[in-house]
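Attaching a single structure in structure tokens format; questions to follow.
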Amino acid sequence: MHYSPVPMHIPDGFLSLVVSVICWITSASIIGLAISKTNKALGERQIPLMGIMAAFIFAAQMINFPVAGGTSGHLLGGALAAIVLGPWAGMLVMTAVIAVQGLLFQDGGLLVMGANILNMGLLTAAVGYGLYRSASIRSNKIKLGVAGIAAWLSVMTGALLTSLELWLSGTSQLQVVIPAMLGVHALIGLGEAMITVSALAFILRTRPDLLGEESESAKGGGGWIWVGGLIALAVVLFSPLASTDPDGLNRVAADLGFLGNAQSGAGPLAGYTLPFLAFTSLGKIGAGIIGIIVVGAVILLVGRGMKAKA
Amino acid sequence: MPISHATPSFVAPECEGDVLQVRDLHFSYPDGHAALHGVSLKLCNGDKVALVGPNGAGKSTLMLHLNGILGGHGEVEIGGQRITRDNLPSIRAMVGLVFQNPDDQLFSPTVFEDVAFGPLHMGLPEADVRARVTSALEAVRMSAYKDRLSHHLSVGEKKRIAIATVLSMNPSILVLDEPSAGLDPRARRTLINLLRELPITMLVSTHDMALVKELFPRTIVMDEGRVVADGLTMEILEDAELLTAHGLEKP
Amino acid sequence: MPISHATPSFVAPECEGDVLQVRDLHFSYPDGHAALHGVSLKLCNGDKVALVGPNGAGKSTLMLHLNGILGGHGEVEIGGQRITRDNLPSIRAMVGLVFQNPDDQLFSPTVFEDVAFGPLHMGLPEADVRARVTSALEAVRMSAYKDRLSHHLSVGEKKRIAIATVLSMNPSILVLDEPSAGLDPRARRTLINLLRELPITMLVSTHDMALVKELFPRTIVMDEGRVVADGLTMEILEDAELLTAHGLEKP
Amino acid sequence: MHFDAFDRYHEKESFVHRLDPRVKVVVTIVFIISNALLPDGAWLAFVLAWLFLLMANLLSRLGVAYTFKRSLVALPFALIAITVLFSIPGKPVGSFSIAMWNFVITDAGLLRFVSILIRSWLSVQIALLLVAVTRFPDLIHAFEHLRVPAILTTIVAFLYRYLFVLTDEVFRLLRARESRSAGTAGKRPGGGVLWRARVAGNMAGQLFLRSYERSDRIYNAMLSRGYTGHLYTLNPHEMKSRDYYVTAFAIAIIFIVQMIGRL
């Protein structure tokens, strides 16, 4: 029944534990920052507002329009959310949306949820907002044009990061996954851009105050322009590079310890899934620690159980 | 075409040139809930018919079949044509469906754009589109509102615009789902006058029994996915037993 | 306290122990739209009063003043206390405001959480909260629904739960905004019986003149941000001139 | 109201249904982490993990195959991993050609591909089971107890509540558009892509405004019931000794599966 508009929700099993954990840590820190910022900016009104806006994004993702040959355009909404609510609130709203999609509909996994939130929520909001903000004092036409580009790039950035995560997890080959993901999302991004622009145009006509000087949307600091701009620039430069010279990236990733040397032909395959923990001395220590934690947890739980009421 | 009556004295009017005919329509929602259990009915040219029944009777579900948004088992014929995949676009031009909540119907920023949606989608040239918008707005007496933002209109005004959005498609049947809900007495009165004047076949679902009495010579009563009575409004409103059995009240 | 009447024969009933008093209330929305132009009214203990008037008359705006959500110029006294910043929490406990759309009122996932919201925010201990929830749900005869999810309920059920959410705060006045809108006759009947039985002062805005006639001995008519009549329902409903002047109809 | 189909909870009287939601959340997460840790080709461990799932299905009285039947949702994503079939060096086990390319599937590639799919498939099933045996509001409570920031859980609670209201609204909008998407004989219906995109965008904008204004009304409703910026809830859950034992037992089993997988 539920239709997920973008093939970017990674299910569990497709990312390695290390990549999943790193993404979780990154997402959690950004979310933590967003929480403290929105607490200050929005006050007591924030809870109903962001809750309803999250439901709005969820519902708006179901709005489609026929393109051609049975395909249709959809909204992902990260850029739109950030533009109308401001970047931090937009991020929280997208986090809630992705969490519910994963939790309730298995649209994206739980262990990899950190990655999904990062790719589809935090990054799209940052890029979408940053670029839009750079034009927010211009005329409406320019604003809308830039918002369209921002929406398109936000989807591309998300797709690129998704590809990288899949590759670092040894689930896919760089030469294949980058052109495939970016190719598909270049089209998806067009739908995203068109819907975002006309939704914004609608809002500008009916409630211009929501996007005006005084609105939340105008209050994000100028630093966002840098953040959004740099990430977008990175995508533009990086994706052709990555697809033409994957070996270079492989070497870097191997040096950083992400990839086992499996890619180059020798070595155990487990290196793909468990670069840190398998078959190395570091791995053995790690496994030992996990074992101790588990045994400790079991003992603790049994003890608690004996204390609690039946 | 057997119609099940609570009291067998009602007889559906006979007529030539039926614009709408439904035969033994069954429908279940994807979640398994059976909403229609063999509905049959017939509308003649120029008929103005009320469709009443308690919440969940299946009125809205039936209406969604009339222009092929839902497709159950059984036959739905519009102007003599059975609805199929291929004639869907032309069926939709013939059956104008107005939903209960005008906010669902009005999705464009301005009144003009909304009323123009149907004609534009039909691929009409610009001049025709403009002419149709103008005459549809005239029909609901909202010509002055052409460039207003739909969002800022009152409920009664929105309702009239919603009707204009389907009138602009020149439908041969107008199907209205609870048009008077949420209107204040004045707006309701305006709507009643409007519906009375529109020279078009109409099927109107409503909980407003006073509206039924005032406006519709014929009434169809539905309950639990079936037509349980179909006949003259006068007679149905006098049948206290029938009314209480189906959660209705005399106005 | 001058009340402007369309026909000066209506006199607001005199009473001791007025639970609610509004004096010369003016209010403009931030966009400059003036919605109230000097409203004055008074409710006595146990009064059940209907508030009628066309769309945009200012009924909802007035209601939002009664528990301090909006604050215009003029005086609003609840139980003899003027609303100020400091007594806002206790005022909100005294005035139970039920909004038109129960979906706006029921914002928690489960019925229990929703009905408990008010008492919890009043800082009551857990046992009291549970007792209040139980008795509020009993009052609207929905005890069996405690653990249900709000979004699974029908409109009529939602409406009753919405009333329970404010009853659990033990209000001394119940203020209902269009409680019967969108209900089918059966659900409407249940609601009427419920309102009749609740032994509490009530101010109810509605477009449903039949409801007014049946349930409320006293009626206040508003139009364009003013009270234009205030008196016995019987008399107001007989005053055809007054009714047409303010877009109302006799049921 | 009509999108009840969104609710994945299955009302049943069972041992698993009655467990504290925290237990179910923790066991689910541990199980998924364990799957991610199992090395490629740990067939015995995969089978044991699956047995664990089947047992949980049975205990929930949903029928053995409940999650199995619904577990294919993640399958389309497998396309992304298909390249490992050819890219990992190893003994060729099969080949086929499309147009001018010749693809050689290696044994190592196959092993990796199948392992990825199994891991994903097991993880999806336990997540399906979690929402089938736990009401979503209880899940939210569980996350609250597990120290997820209250603001996030509250946003999620609102999202869940209004998901149904707003998706119903969207579906009515889509229906209204569909019912006016008519054509006339001899003319190509539908307008241009840009125009259609604009209509969709207008719908999104319309929905945004209505949601935004609704949030005002909800805020008013909250204010009038005493909200001042802090949300208070009653704690409806209490860990009983059974809950602790079950958690310990489940973690121990998952740990054993993990050990077997690494032998």
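Letters A, B, C and D mark the chains in the order given here, with residues in each chain numbered from 1 onward.
In this section, contacts are C-beta pairs under 8 Å (C-beta built on N, C-alpha and C of every residue); 3 or more make two chains touch, one makes a residue touch a chain.
All of these numbers come straight from a predicted model, not from anything done at the bench.
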Query raised in the report: Which one chain sits nearest the middle, judging by mean Cα positions?
Result: D
Query raised in the report: So which one's got more C-beta contacts, A-D or A-B?
Result: A-D
Report summary line: Note: chain D sits from chain A at a C-alpha centroid distance in Å of 16
Query raised in the report: Roughly how many whole angstrom separate the Cα centroids of chain B and chain C?
Result: 34
Report summary line: Here the gap between chain A and chain B, centre to centre from mean Cα coordinates and rounded to Å, is 45
Report summary line: Distance between the CA centroids of chain B and chain D (whole Å) is 40
Query raised in the report: So which bits of chain B are touching at least two other chains?
Result: 30, 109, 151
Report task. Could you tell me which residues belong to chain A and also touch two or more other chains? Result -> 1, 48, 201-202, 206
Report task. Going through chain D residue by residue, note those that touch at least 2 other chains and give them in order. Result -> 4-5, 136, 157-158, 160-162, 165, 169, 173, 190, 199, 202-203, 205-206, 209, 214, 218, 222, 227-228
**Report entry** All chain pairs that touch each other
**Finding:** A-B, A-D, B-C, B-D, C-D
Report summary line: chain C residues touching chain D in their complex are 64, 67, 69, 89, 92-93, 95, 97, 99, 101, 103-110, 112-113, 116-118, 120-122, 126, 129-130, 149-154, 165-166, 169
Query - Sites on chain B touched by chain C in the complex - result: 54-56, 154-156, 181-189, 207, 209-210, 247-249
**Report entry** In the complex, chain D residues that touch chain C
**Finding:** 1, 4, 7, 135-137, 140, 157-158, 160-162, 164-165, 214, 217-218, 220-228, 232-234, 236
Query - Residues of chain B that touch chain A when the two form their complex - result: 30, 109-110, 149, 151-152
Report summary line: The residues of chain D that touch chain A in their complex are 3, 5-6, 8, 28-29, 32-33, 35-37, 39-40, 73-74, 76-77, 80-81, 83-84, 87-89, 108, 111-112, 116-124, 127-128, 131, 136, 139, 149, 151-152, 154-163, 165-167, 169-171, 173-174, 190, 193-194, 196-209, 211-212, 214-215, 218-219, 222, 227-229, 231, 238-245, 247-248, 251-252, 255, 262
